[in-house]
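I have placed the structure first, in the form of structure tokens, so that the comments after it can refer back to it.
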Amino acid sequence: MDPQTYMDVATVVTKLKMYPYFDIAHYILMCISVREDVQPAQAQAGSSGPVQPFARKHPLSSWLSSMLICFAGSILANFLLGEPVITPFKDHQSIITATAVWYLINFSPFDLVYKICKFLPFKLAICVLKETQRAHKVYHGVLVAAKLYPSAYLIIVAVGTIKGAGSGLMKNIDRLIRGVWIPGSNEILQPTFATKASLVASIIFLCERLNLIAVPHPLIYFGVVLFFVYFKISSVILGIHDPFVPLENLFCAIFMGGMWDALRRATSKETAKEDESKDLRNDAMKLKEEKKKD
Amino acid sequence: MDPQTYMDVATVVTKLKMYPYFDIAHYILMCISVREDVQPAQAQAGSSGPVQPFARKHPLSSWLSSMLICFAGSILANFLLGEPVITPFKDHQSIITATAVWYLINFSPFDLVYKICKFLPFKLAICVLKETQRAHKVYHGVLVAAKLYPSAYLIIVAVGTIKGAGSGLMKNIDRLIRGVWIPGSNEILQPTFATKASLVASIIFLCERLNLIAVPHPLIYFGVVLFFVYFKISSVILGIHDPFVPLENLFCAIFMGGMWDALRRATSKETAKEDESKDLRNDAMKLKEEKKKD
Amino acid sequence: MDPQTYMDVATVVTKLKMYPYFDIAHYILMCISVREDVQPAQAQAGSSGPVQPFARKHPLSSWLSSMLICFAGSILANFLLGEPVITPFKDHQSIITATAVWYLINFSPFDLVYKICKFLPFKLAICVLKETQRAHKVYHGVLVAAKLYPSAYLIIVAVGTIKGAGSGLMKNIDRLIRGVWIPGSNEILQPTFATKASLVASIIFLCERLNLIAVPHPLIYFGVVLFFVYFKISSVILGIHDPFVPLENLFCAIFMGGMWDALRRATSKETAKEDESKDLRNDAMKLKEEKKKD
């Protein structure tokens, strides 16, 4: 691709409006995740017969749960920054759009909308839109936090990450609203790729703000979008869920005591060998004694 | 009743001061609900012998739990609106009154106060006071939210509802303070009548603000009070717990996929009949085969 | 000790800077408490073989959990006072120091740092520093709250207590981040000595502000430090965990219905005696009848 064309595309991507298409893609994926997160819980409850969907039995809980996940990034960021957590509910347009999406995903005749959204080509398109929106949210999270706390790098990165991957962090509260409680799993204990990628993107945008990266803004932004989209598509098609794992393992091996572990194992192996030889000698002694008795 | 008299009564009701009688009625019912919510948890723990009341063993936990429930509406509304959640504890008069009520409900000699409050005529009187206070709280919740977010109808209704029925929404946190955790039940999953009635009242007050109801304010306010009181009394005396259920079922049947369900059932019934006839034929065949063998 | 010397020492203690030594002592104890709180949870999970430490498997969760506990006082106080909860993360110096302590406690070669910190003389020194820091935090919590709400005594005492003993109150949330959930235990249900002592210290500082104690400030402050240090040392060395228990029992016996209980027991004892004599008579009757049969 000719660099100028690339730059033009990047500039267009930077200025994309999120509403309505990108936001709708986001709401679709969030409502599907809420709908699918509920099913195993019902299976646990051991209900027999034709299982009625959760949203049918508890529409209020399902709706509030979906809304919380749809606006999780803003809600959590507002909470941390001391702003009213209810603010996202001020924007009627978004709420009505999200409610319409929630309704169509859960109550469309013959589950048509849900099935279409799960159909691979459509799913891929929705994911591409959603990842573009994620980059947008991370960037604006970094901007907002940097305005409030110009020199607090940790807060800037945290807000960027939360804006981009709030749904994961909200999951425990969200499940509680649906009457499900799985304390042993949360986003901080087992961070998903979306969270890690948002973290990396936040750090990149922060570095850009600090003039550590001397590349025009549209290129950085478009690069982040491509990074999100590329790994999302490879996750959906190829099932590569976390390309960060090798890096993490390396990091843990070096800094989180992996080296000391290896050292200890090495030294303890020697003692293990000594123990083994002792055991062998003992066994031999016992055999001799038994023979004597005979 | 002569309309003028009715209007006069309504005006008086609108201007009633909540402190002390109405607030005390509220505190009494809240402290009783905390006290009674604790008992089953103890039963679960399987303690044998004469069970010591929870408030005796854990006075701090019982007190804080009761205070949180007594001021649940303000605390939750403050949290959502980004104001200090501790604000209700600033008002010494209310806190001392609530503490006195908590003390009398839990530690009066021979459980006298508790037993009196549970005695039907007294209970009815307390409930009437409490429901009047609920209407007052819903109305003031709507006022406060409408001042902060004039055009955010969802927030106005939410804050009104929370002010009126905060204790239900607070229950999970409240139980946690008492060491009880029942994730499978919460107010959003199974909303009680109090919550639904507060929601309806909030919507009515909002409609009034938007000039959609052309009735003088005292009449609307008094109507809401009567609505609350009427259904509370019918709940206490007749055991009608939720007069909204038929409406909800109708709503769910129309909008929440009940129609599609019926359609599906109708079509699946036909296939079921076909299956049945198949089964009958199969059975007949088997019988014939068996006869042949004989 | 000569009073003037005592006064001089007290003045020096009042003006001590917390950073770095006192804060580091605090971080060390908090990181150790997080590290040790995790182990039983692993044991529950029933993992066999050489157990890998939690921090190795989930460094992010362990780090965030330790940070939340290290800054629990500020976070909780900010939450209650409606200020941004993320503020403590603005102070890079503290965060980096706490992170370094967390790293050394969890990943030092051969667990050297952890073992040194658990070695009694060092542990005592760390505890002395930590208790001095606690007094400092309680005092500054009281100051901050008194500035915001000059006449709300309850809030002043609450904020002082939370600043001094926030780690206990944060424990449930903190455990949740580590995937552990023990709803039946929390600081309000079973307050530790640290919480109670912070409460007493807050009340003392509040009384000082209200001019109810006519003693120079350094003496009060130094007295509180000595009180904290003395009971902490006696707890570490002698295993006296809660010197408040007798007072509490007395208080409960007088105000929390203990007296009524005793009265009831006394009256029920008499009935019990009557029952006993009845039983005896019954037994005698049975024996007679049996003899007759023979």
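When the chains are written out, they are named A, B and C in that same order, and each has its own residue count from 1.
We take it that a contact is a pair of C-beta atoms (placed from the backbone, for glycine too) under 8 Å apart; a residue touches a chain by one contact, two chains touch by 3 or more.
What you see is a predicted model, and the numbers here were worked out from it, not measured in a lab.
K.L.:
What's the minimum number of touch steps needed to get from chain A to chain C?
P.N.:
The fewest touching-chain steps linking chain A to chain C number 1.
K.L.:
Same residues or different residues where chain B meets chain C? The copies count as same if more than half of the interface numbers are shared.
P.N.:
Mostly different residues: under half of the interface numbers shared.
K.L.:
State, to the nearest whole Å, the distance from the C-alpha centre of chain B to the C-alpha centre of chain C.
P.N.:
Chain centres of chain B and chain C, defined by C-alpha means, are spaced 35 Å apart.
K.L.:
For chain A, jot down the residues that touch at least 2 other chains.
P.N.:
Residues 82, 181 of chain A touch two or more partner chains.
K.L.:
Contact residues on chain C for chain B in the complex?
P.N.:
These residues of chain C touch chain B: 79-82, 149, 152-155, 158-159, 172, 181, 183-186, 188-191, 252, 255-258, 260-261, 264.
K.L.:
Can you name the residues of chain C that touch chain A in the complex?
P.N.:
53, 55-56, 58-61, 64, 78, 82-87, 89-90, 92, 95, 106-107, 109-110, 176-181
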